[in-house]
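Chain IDs A, B, C, D and E follow the sequence of writing; residue 1 opens each chain.
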Amino acid sequence: MILETRDIGKTFGSVLALRDVSMGVAAGQVTCVLGDNGAGKSTLIKILAGVHQHDTGTLLVDGAEVRFSSPRDALDRGIATVYQDLAMIPLMSVWRNFFLGSEPTKGLAFDVATARRVAREELKAMGIDIRDVDQPVGTLSGGERQSVAIARAVHFGARVLILDEPTSALGVKQAGVVLRYVARARDRGLGVVFITHNPHHAYPVGDRFLLLNRGTSMGEYAKADITPQALTSLMAGGAELEELAHELKRQ
Amino acid sequence: SSGGQTAQSAPPASSAAPQAGGGRFAVITHGAPGDSFWDVVKNGAEAAGKQYGVRVTYQGDGDPAKQSQLIDQAVSEKVDGIVVSMANPDALKEAIGKAVTAKIPVVTINSGADSSKAFGALTHVGQSEDVAGRGAGEQLKAAGVTKLLCVIHEAGNVGLDQRCKGAEEILGGTVERLQVDVSNLADVTSKVTAKLQSDQQVNGVLSLNPAIAIAARDAIKDSGSQAKLATFDLSADVVDAIKADEVLFAVDQQQYLQGYLPITFLTLYKANLNTVGGGLPVNTGPGFVTEDNAEQVAKLAEAGTR
Amino acid sequence: MTVTADERIARVGLARRLLIRPELGAVVGMVVVFVFFAVQSPVFRSPAGIANWLDPAATLGIMAVAVALLMIGGEFDLSAGVLTGTSGLILVTLATRFGFDVWLAMLVGLVVALAVGFANGLVVTRTKLPSFIVTLGTFLMLQGVNLGVTKAITGTVQVSGLRRADGFEGANAIFAGTIQLGGTSFRVAIVWWILVTAAATWVLMRSKAGNWIFAVGGNEQAARAVGVPAARTKIALFMTTAFAAWLVGSILALRYTSVQANIGIGQEFIYIIAAVIGGCLLTGGYGSAIGAAIGAVIFGMADKGIVFLGWDADWFTFFLGGMLLLATLANRLVRRYAEEVRH
Amino acid sequence: MILETRDIGKTFGSVLALRDVSMGVAAGQVTCVLGDNGAGKSTLIKILAGVHQHDTGTLLVDGAEVRFSSPRDALDRGIATVYQDLAMIPLMSVWRNFFLGSEPTKGLAFDVATARRVAREELKAMGIDIRDVDQPVGTLSGGERQSVAIARAVHFGARVLILDEPTSALGVKQAGVVLRYVARARDRGLGVVFITHNPHHAYPVGDRFLLLNRGTSMGEYAKADITPQALTSLMAGGAELEELAHELKRQ
Amino acid sequence: MTVTADERIARVGLARRLLIRPELGAVVGMVVVFVFFAVQSPVFRSPAGIANWLDPAATLGIMAVAVALLMIGGEFDLSAGVLTGTSGLILVTLATRFGFDVWLAMLVGLVVALAVGFANGLVVTRTKLPSFIVTLGTFLMLQGVNLGVTKAITGTVQVSGLRRADGFEGANAIFAGTIQLGGTSFRVAIVWWILVTAAATWVLMRSKAGNWIFAVGGNEQAARAVGVPAARTKIALFMTTAFAAWLVGSILALRYTSVQANIGIGQEFIYIIAAVIGGCLLTGGYGSAIGAAIGAVIFGMADKGIVFLGWDADWFTFFLGGMLLLATLANRLVRRYAEEVRH
């Protein structure tokens, strides 16, 4: 296990967001975190990424207990994250955002030409063609913004890649591209933590599945131990959608 | 004080005087705009300008850097004369030097009498603040004040500091300073009250601005203190208060003259190369407005010439 | 899962819950400052002393509360300080030079002040320029008008003699009088301050307008998107500040019966400071009226307390600065304890 | 048609976000807008909702040409919208956000007690149980935030309900609830404009389908004219996902 | 679809593209103000006149540029104005009362200034208090120190006599001298100003640190999340402002050879104003160094131009306010034209 939590918990003021959650991610494996809205998925990965500090339990990197004091700490240990809600600086241009915190340099200077070029290329490679990498991120569409964040995390490929609902705002095509990236990262030996609501996205790429409900763990399953059907039904609903389709037909 | 006769009843436009030929003169002081003392100087200068048919511009800034920039500006405009108050002679040395080099006559006013000649000014009009402060100190001492509160309404203002210092020289080491904000009078009252409440020894208050004087008068009333109040400069309210025996006296520098006379001198210099004072400063005060002459001065203060 | 209790809410004491309110941090700051001075100066804690430092806190507080509303709504008003002067000048000039009744003169002052507030709001909402710049412009322009017009009419930089005007007695009693309370006379401005704070709190917490104020300050675009009349809300806020400026200007003019042309300059920042000490965010969308009122008290206490202690006048601002930092720090620590995260 | 656009277009500075798009929504019908990221879906509905003004083309309400000067204008004509990106005020509590712009009053006062109660009830009815309606919206999870916005729009049910990707951040259960709400609104005679990336969500409830690509319309289809398969494949990808699953299997 | 051209980008002229830059709106404002005064006053447009108004623009500009960086980084520094005084006072006091060489005295001043900047930054990043409040505390404390220490050492509120100190000539020539250009002497401060602006622009646009500055001002949490050392960036920004304050303080002290204890008070807002006129957002994350420099020019031109026109000093601030509003409005209109929507 590169990254592991044991009985980890987190409280915000009077809100218990997470209780006694244990999980892990190994090199070359994808751990999917699934759960309803407000289940604590984002909170969990923010602890893994050093944004929040856990209140109880232990966090281990390579088997040794750690406590991240800042996201920089986590980054320095090779943990890169794409956040659901704090990914980008709206007023900054796409290329500046892309390289934020890991700027390429040429002598003392920020190598602006390279940064522009690489940002454009990486985005194109992901199937996102941003018209103008000088555009402020705030003027991008919701999905474009998400894509830029993912392209960045993939580009700076670390040991562990954490993705918080990367596919939710994406079209079918772009979602497929992201899933392919996840698979490729896994094949290169990275550990991936992948959060999603969509069991159809989770099952094909996942190796282990952590199910969260109202802040507590409903168990961690290896792919061998769970069928797609079981996973979908655990995700509360599953076949419901089929049924819904009938129900929604005009009476 | 030197009585009620003022320049308002101006000298008749003299046909005998040589033609001034519509010169331009710049008055540059260290008073903030709207300061009641410097406003009277401005009125004086402008009255003289009207009198002699010359153009007078007045500017004031308490920051010596800004003041010297204003002098620089006047020099590049090639005015016919500059009137400048020197609260900080060192800082103005260079700018005044430039004016003198450019052959622009300079008259210094108010403070800086000691450096005036050395800087090459024609003459100096007025007297330094510490002389005025000493004058106030003497009067207060005579009135039996042993411990004085000197209310400074602009921290770090040299002129105000010198006034307090002058009073201190006469009264000895029993002068306490209090800093207040002149743009918030409610605050001034309560601060002076606080001081009087917490230090019963204080039996005299010296304010350096007429608005502060009124605020201090209320404070003395509020705190039930017996302290005697004196102030620098006049306003209609202060004159009323003097008449009502709430204010002992007001120091009157007759600053109207510090505006009026330099313009007169410069006009004369321009037309006739006259110089005044023979190397000695022309003193304008200090005078004192007390109960005795308050009545006469009241109207003049209301018109902005005292 | 049961409906009534949610197992995910940790039980927290009432005390801790209360502390989350923006103003309660400020209360702690206030207590700290009060205790600090009270133990050292008996006059400070005496009724007369309290009446003394409450007085400037009241006029500051009226303004701070109005400015706090405006700041919660996401805007600044730098012209508020000078506007107190403008209102006072109009009152005294009309009453003494043009023979107006004091009440009528006050009414004219009110109309002018509201017009200035309206203009501020209109320019800010129309041009979308930052209010910091727009009201800075108004600030400078009013400053010039105050001086220029006063000089033009009176020939001096102040107008006085309000005492002799018609209707002075009544207006003075209502706006600038004193009330006896246990043998000590308190300024009636304190009552106005309490009224203004109560009204502002009600508006913020219990009216539609209050909801809109938080919303336009928190995220104007989102607020507009759900149909909040953002422009009207902001204009109303600027007019509220102008109203407060008129009230304070009138109180001071009636008390001192004369007004100087440069009154109020520089006060605009003190108002903002009081609001911030009281827990308002500079970025808008968060704060409270009571907090701002308490911020004014903290400022007033520190300001006067130093005089009561008789510390060297030269070092006055040094102590004042230290005091403010300590008060806000105490405020902050309390809120940190109460809730771990709040951006 | 309650709401109709004819050849509508919008430019941001140098960016042509939308060109010549025609669409309509009738009472008791659901019009779905589908398209890739950055296709202009959000831009289109922001024009319908009065947030942006169109540069070219015409906008019609009940057959009469209009030009909304503000969102209030649109709201007053019965057009309620849930935005993808500017839905909520983060520092305000849930119940204040819920009633923002349509506060219930009791005399002069904002009826706080009612507001709190109704907000809690409506959210519960939607299957979202927010612990504490006094919590600032900024501390809610992404999906919770979305749910609050939808519950609000539904509660203030208007003539036209516009939803911008309402289901993307939601779990399967919550997504089902939203779809049911959409169907219910339709049955009550509202016109609904429903934006989504998910053809599985779109097909069951939609009556008409507008396909956007890079700012231009690829056509508007009635349900009768298009099969789910055709729709999915038009959405660029469709069956791709199946294929992807194979591809992503470990080599 | 072709790779080179995107059909969704409307063709726009180069001119219009240029206008999107934050500083180019300010340029238009500057031109408007310049033309306004130049047509009315021949002295204003003469070399001597230009040298006149460029001089205050230069010292203001150095500060405005540093303050702009800080504001882009999302913070304010209200202590910057007084710190110029502190630096100057240290220089003159050490050189005249303690016999230090001018250069050594300047070095001590620099160390103290940087320490103050560091302290500001540390307190802001550690306590998470708004910098407005923290630096307000520093502002007040420094003000007290300036006055208290000066009084204690010299007995008055000013120190002077730097002219006679060792090393004065050299330092004066470098920091406070003049350069002849076509028969007119320009202040060397103008060169410093250009250097500072160029350096700041390079840092902002072409260095890692610049990227971090925009990021911490735009969204500190997001910046921290991708590993930007937010605290260090902010502390460095506060130290930059302190450095600029030291530079300006030394320039002024060397030029005027004396310093008053109250110097610099109130200037802090002028710096912010210049930065805002130049296009900086008060909320952080957006702005430019060149814009701030231009903002300083606009302010300097309006400030001195009114004097050149000989308008009544009583109305000075009225015209100044009107001028500033017009300049920012022109700025705004230009940007509106250039791009319809931004954030």
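To be clear about the criterion, contacts are C-beta pairs under 8 Å (C-beta built on N, C-alpha and C of every residue); 3 or more make two chains touch, one makes a residue touch a chain.
Since we're looking at a predicted model, the values are computed, not measured.
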Shared interface partners, meaning chains that touch chain B and chain C: E
Most remote chain, CA-based centroid, reference being chain A: B
Of all other chains, the one whose Cα centre sits farthest from chain D: B
Gap in Å, rounded to a whole number, between the CA centres of chain C and chain A: 47
Cα-centroid distance, chain B relative to chain E, in whole angstrom: 34
Rounded Å distance between chain A and chain E, as computed from the means of their C-alpha atoms: 43
Chain C, residues touching no fewer than two other chains: 1, 8-9, 147, 151, 266, 281, 314, 316-317, 341, 343
Touching two or more other chains - residue numbers and ranges from chain A: 12, 14-15, 131-132, 139
Residues of chain B engaged with two or more neighbouring chains: 33-34, 155
Contacting residues of chain A [partner chain D, same complex]: 12, 14-15, 35-39, 41-42, 84-85, 128, 131-132, 135, 139-144, 146-147, 165, 168-176, 179-180, 183, 187, 197, 199-200, 203-205, 232, 235-238, 240-241, 244-245, 247-251
Parts of chain B lying in touch with chain C, wherever the complex brings them together: 32-36, 39-40, 43, 152, 155, 176-179, 181-187, 189-191, 193-195, 197-199, 210-211, 214-215, 218, 222-223, 235-237, 301-304
Interface residues, chain C side, partner chain D - complex: 1, 6, 8-9, 202, 205-208, 210-212, 214-215, 218-219, 221-229, 281, 285-286, 341-343
In the complex with chain E, residue positions of chain C that touch it: 123, 127-130, 132-134, 136-145, 147-148, 151, 266, 269, 272-273, 276-277, 281-283, 312, 314-322, 324-325, 328-329, 332, 343
Chain C - residues contacting chain B, complex: 41, 43-44, 48-49, 52-53, 55-56, 59-60, 81, 146-147, 151, 154-158, 160-161, 189, 252, 255-258, 260-267, 270, 303-304, 307-310, 313-314, 316-317
